[in-house]
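Some structures are shown below for you to check.
Both complexes shown next keep subunit A, but they swap its partner, so subunit B is in the first and subunit C is in the second.
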Partner chain A sequence: MSSANLIRIALGAYLLIFFSYLLGPLVVMSLTAFNSSGFPSVSPWACFTFEWFGVLFEDKHIRDGLFYSVVIGIGTVILSVSMGLAASIVLTQVWPRFRSTYYTMIIAPILIPGVVLGISTLVFWDRVGRFLGVEDGSFLYGLFHNGIFLTILGQSSFIASYAMLVFVARLQRFDPGLTEAALDLGATHTQAFRKILLPFMRPAIASASVLAFLASFENYNTTTFTIIDYKTLTTVLAQKVRLGINPSISSLAFIIITLTVFAALIFEAVQRNKARKDAVRRGKLKTGDKGILPSFLRGNPAAIMLVLLSFVVIAMVGTAQSYSPEQCKIRVKEERQIEIQKRIDALKKARAEQQATEAAEAEAEIPAKPAPATSGAFGNVFAPDNLTTEEEEVDVAPEAGSGAFGNVFAPGNLSDEGAEAEEPPKPEAGSGAFGNVFDPGNLSGGD
Partner chain B sequence: MKKMPFAEFFRNNGPVMGSLLIGLVGFWLIFLILLPQLSMLDYSFRFNLPPAELGGPKDVYTLSNYEHLLYGSDETKQSFNTVDLKVFVRTIIAAIIVTIFNIVLCYPLAYFLGQAKGAGMARLLVVLLIIPYWINEILRAFALRIIFGETGLLNEALMFLHLASEPIDFIRQDVALYAGLGYAYILLMLFPMYNVIESLDRNQIEAARDMGASWLHIHRRIVIPHAKPGIASGSTMVFMLSAGALAAPQILGGPSSLWFTQLVYQWFNDSLNWQQGAAYAIVLLVSTIAIVLTFMKIFKVNMGDIGK
Partner chain C sequence: MSSGVAVDLENITIRFGDFTAVKDANVNIKGGDFFSFLGPSGCGKTTILRAVSGFLEPSEGRVLIGGNDMAGIGPNKRPTALIFQNLALFPLMTVWENIAFSMEVAGASAKERRKRADELLDMIALPGQGDKLPSELSGGQKQRVAIARALCANPDVLLLDEPLSALDLKLRQHMRTELREIQKRVGITFIYITHDQGEALTMSDNVAVMKAGIIDQIASGHEIYDDPATPFVASFVGENNVFRGKIKSIDGGHAIISTNRSGDLVARITPAQVGNLAVGDEAMMFVRPEAFEVAPEQGSTGQNLVSAKAVNEEFEGNSFSVFLEGDGGKLIKMSVPNLGQDRISTQGHDLTLRYEPSNAVVMPAGELASE
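Up next is the complex of A and B:
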């Protein structure tokens, strides 16, 4: 009994670890989309904000990337689904001895690294262009060096294999007798295909298209080589993530995650509804006409979650219109300012001690050295400092505890003025350093 | 030999559909797969010449691009190109480790889900699993970067708990990279495994248990042999994709450590030496395929099992 419990606990812990590894990063990333801090993070939580969504929608690169991603996605779906369907039909007819070789050939593109596919596509079409002797500026040259054209070809080369796998699974349940019957009744091969096989394959074509579009949409390895002058959403994102991050990417991720959750829930809800209807039809389940919930929601947790999630999203969009984090931002700025002030004081103390020991030797060098390093920090700090202290001391300070604020600000203000008054008695080098440091601070505080 | 089946093929499909099918498959296999690969192979044996000299007397085949991987630009060929070779070996070994890590992590879950046969809780878990599967690879890497960054969540948590006195540089230590690679393709390991284990008849396990087989024995003798095609399929995909990954190393890799695909990328996009890049890509392709085939031979798996 206890060993069974132990196994259950171990299983629970394992599931917890697995799912937090899988979903945790996505949750954290989504949260960073709502933090006003300029670097995507959750732990020093500044303010709840929607501003990153605005930044995202303003971003021209992302909008362009999205457009080209959709164009390429549609092209890839058309090409790869038709090639995959043809390949799967040929697989059912290819003669047995050749069958496994053929299967290896059409499955291989999945296993070829995406980087290699991208490079080979680029190299090959460049060469085709040269072989045909097309001139720079002609239509064909443009086509063979067009990022969209090459990307569709490069992506289709392996996405067709995914589509093929979907079709093979469906074709296994197809009865070739149906086609034969149609042919016997006088249909042409094309008619038989269009009227018999194609309707049978329709669900598979739908799922293969979704799969192909998503695979194309998120592909990076192949696209990054073949895209040349254009940008897809994924390559834009990759560039942004590598060069400099701000949380607008998190807000995009949040949107994508929400859409995915929606799609998954819709799919699940429809499936359950269908299963339930089947059960009702077979008489296994009573319809129970007097439910509180509409029939679609009954016994369908996915549908209920879907409705709840829709409410949450609507509520969120609603608050986003009216919500303004300005008040909070000012408070955060002030808190940070206090922290920086503390740090400055500590630094000052440390420097004073250090200078006391080095006073004798470093008369000429020290004032020059620390000044540039600290002046930047001071300049930044004092610009918002002086502004906010004047504006907000009355409003916000009492909330957070006026005593604490008063205490903290007092030394700050004191040292601001008293720097010159207090420091001079100490070694001469020190006063020079502080004089330099405070200059930019006072300057930027004035504007 | 070849004529007859083709004639039969056209008789079965009619001239229009027959040529459409052959045309599409032929276009795919010849123009999108075979010829591009061959032309990349051809490229890798050529010098990087300016356009004017193409087809000229200098445009001859050479092994110099491959020699560069082995010996570097050193003309005397005295010392090996340790920098690039180290990157290559590291990429392969790390990809193998990531694969093993994924097998170990996924097997229990695949077993649990497979045996639950889509009942209640397990069904919800599968839906939960599908969600991260559709999130962009870049965004998933980005999510891990938020967590592993110097001021990331993990460091903040460690410092808060006083487990670390100062931020640990997970990115430079490559922890982030390995976690990211494992994370990126874990579902490609899980789903093939889950599919085969789901098809295992539960009675087999019951029977073995009734006859006194231990827990370990059941897995070693019944479940794992049955799941072998799924494990092989998942491992192949995870290995190939990790070794060929570009996004995760670019986003999560440390500044000093490179992935082999990044070298290829640099040859192409930074040095504009396509020939050299093609040679490196060929090396990557051939060696990863060789490794997969070797492992398939060792574990006696067929190519037909892949992708099921």
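Up next is the complex of A and C:
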């Protein structure tokens, strides 16, 4: 094998590793959204299901969080884009000697931790309220302690700096002579700004808006301090993670990923189409020159893959109308029951043998105790919703087992399908998973 | 079209910090004049233009357009239109939108604007190109669009800041003629900035020659060429051979100057320098390359004869440039028109050159234009 081939293979392997590092988590997370198992997981695949999307849309907290995230995102876009544009224009106008100082000042919020920004926004506006002597219950007091107001201001304080960086890059290519030409032709300063500078900045405004919206949407550390009694998607999700999660979050992630991919694809398609039209208009390209694939797909394997993926998604959503996971779920449940029954039989047999030997060794006080405990526990084994913790029970001493059963009957746990996923294939591993099962957060996770 | 409006600069001084860009400039430009400011780069000519268009206020002095003081009036309120050096066409607007921009900001309807833009496109010989973008035009076409855009504003004064400098030679020559024609047609005052003396001489009614913020001479192109006021003007406008020396005698309109290396020579005193020269003064004498000819009697001496050895010859199409070395290594350039006959090369020969005394000018010694 030649060294060139080796290099090519090494490069391919490197790319593979790189992309799996980059995209692997997203793929795994997307898959968990379709697994019926109650905890986000892939490896013991239970049933293919869309129920988590339903769970997601029925979750009022997530819906509210999403709504406020969008509201705050729009507010932040408006505020930070206008502040960033103003700041970048000032940067081009300010005296050269003052320029680097000004730049450092304007860029500083990016370097300040978001936590600090959040706390200081909260404290600052509280102080402003006190300084102005606004009274509790008045409009201004309400405004200065309003989570949406404070979050928009807090986020804009550093997102405006990002926006400014985008604008500065574009402004550097602006010929100030154009503004002068407009003024010379009788335009007022406002007209020159509106008709010359603003159209030139439009692409930068668009990208800064997207950037600002995304930065606002995913912001947590500033928001968590300023949001007060409202909630955004990030704060809702953080809360959920603390209390135990279910795959409805994966389904949300899947929706976001899909939307992003589609938006990017559509944007790319529109851009290429435009470039193509321009080329045709300038006579550099013949109109009849069309390939088999739309132009933006040609020579772009990533785009082709994404389109195929989107077809798969559409097909899946289509089958979702007719496909019901219930049948599968029942089957999985039955299989599990049979398996458990086998184990229980094996256990019974082992215990019987043990009892027999024990009885043989010492016939005195002990035999009375384990017998009622086990029989009590097994009485519940066949309850359909109580499959959960039986296996873990297998390994523990009967004394501990009775304590554990108290949890098993907790109402939250009865409906907990998710614990099935936790079930280890081998009984020996059960002791490790044991801790999770009794975690109160986990118990309520399937709600 | 409006008739020309006079522009007067009264004692204009413009300073940037410690640097004086323009010093005490006094210029009266007649209405309907094609007036050029000519000077090397950095001489302050663009600064003057910006003061007229309103982009900067003079530190001292007044700008009057049509007799009205322009102090405190911004560029968008002055009756001037500026054609920028880089043209500054709006890249995101089509050609017709560019042309009609001044009407757009004045609130004219799209229909009116389109109509006027199409008229102007016809005038600049670009009919039907209105829907293109400026980036799709050639250099000369952009040039003409910039002119049309400025004219669309119906200015009283059109200011042009070296608009032809980016064009290639052929196009530049063509545009010179075209600009002059446009100016005659619309009849407004043109103020033209250039460092190219050819442009200034061909197009202008009057030319101001500037050196380091100071105006050396204001006169017609002809006068500037034939009767330069200062050694700078003489050496900057066109080509000139300079002879340094002392005034030996003055006789009416002529002076005899004893040069350092070429003996006594006679020259005419330009009108601007009458009375400025006295016997014994350091002086400079200028003779244009085309004023020299090979003397009929070789080897003779006289006050209008210079002896030199032809060392090099360059063919320039319409003429030959002969480079000669005079006494003491003095370099002289002579221009011989190419009349198409078989011509005997003078290279390597000792020659006696002759000139008409009226074609040589003498003036007090001063600063020359650096090459």
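Following the convention adopted for this analysis, the second predicted complex is superposed on the first by the 301 of 447 C-alpha atoms of A that agree within 3 Å, B and C clash if a C-alpha of one lies under 4 Å from a C-alpha of the other, contacts with A are read in each partner's own complex, and residues count from 1 in each chain.
We adopt the following convention: contacts are C-beta pairs under 8 Å (C-beta built on N, C-alpha and C of every residue); 3 or more make two chains touch, one makes a residue touch a chain.
Because the structure is predicted, anything quoted here is derived from the model rather than measured.
Q: After lining both complexes up on subunit A, report clash or fit for subunit B versus subunit C.
A: They fit side by side.
Q: Tell me which partner A:W95 touches in the superposition: subunit B (first), subunit C (second), both or neither.
A: A:W95: touches subunit B, not subunit C.
Q: Let me test your reading of the model: by the given contact rule, A:I344 touches which partner, first (subunit B), second (subunit C), both or neither?
A: neither
Q: Check whether A:I205 is in contact with subunit B, with subunit C, with both or with neither, and answer first, second, both or neither.
A: After superposition on chain A, A:I205 lies in contact with neither partner.
Q: Per the contact definition in the header, classify A:M105: touching subunit B only (first), subunit C only (second), both, or neither.
A: The answer is first: A:M105 touches subunit B but not subunit C.
Q: Between subunit C and subunit B, which one touches more residues of subunit A when both complexes sit on the common chain A?
A: Residues of subunit A touched, subunit B against subunit C: more for B.
Q: For A:T188 in the superposed arrangement: first (subunit B), second (subunit C), both or neither?
A: Both partners, subunit B and subunit C.
Q: With both complexes overlaid on chain A, does A:I330 touch subunit B (first), subunit C (second), both or neither?
A: neither
Q: So in the superposed three-chain picture, is A:D175 touching just subunit B, just subunit C, both, or none of them (first/second/both/neither)?
A: Second partner only.
Q: Just to confirm the geometry: in the superposition, how small does the C-alpha gap between subunit B and subunit C get, in angstrom?
A: 9
Q: With the touch criterion stated at the top, can you tell me which subunit A residues are shared between the subunit B interface and the subunit C interface?
A: Dual-contact residues (subunit A): 188.
Q: Over in the complex, which subunit A residues touch subunit C? Could you list them?
A: Answer in residue numbers: 175, 177-178, 180-188, 191, 195-196, 199-200, 282.
Q: Under the touch definition given earlier, write down the residues of subunit A that touch subunit B in their complex.
A: Residue positions touching the partner: 11, 14-15, 18-19, 21-26, 28-29, 32, 39-44, 82-83, 86-87, 89-90, 93-95, 100, 103-117, 119-124, 127, 130, 153-154, 156-157, 160-161, 165, 188-190, 193, 214, 217-218, 220-221, 224-225, 233-234, 237-238, 241-242, 245, 249-250, 252-253, 256-257, 260-261, 263-265, 268, 302.
Q: Considering only the defined contacts, which subunit B positions touch subunit A in the complex?
A: Per the stated touch rule, the residues are 5, 9, 12-18, 20-25, 27-29, 32-33, 35-37, 39-40, 43, 54, 105, 108-109, 112, 125, 127-132, 134-147, 149, 151-153, 156-157, 183, 186, 236-237, 240-241, 243-247, 250-251, 261, 264-265, 268, 274, 277-278, 281-282, 284-285, 288-289, 292, 302-304, 306-307.
Q: Report the residues of subunit C in contact with subunit A in the complex, numbered from low to high.
A: Against subunit A, the touching part of subunit C is residues 53-55, 74-77, 80-82, 84, 86, 88, 90-92, 101-102, 104-106, 136, 149-150, 153.
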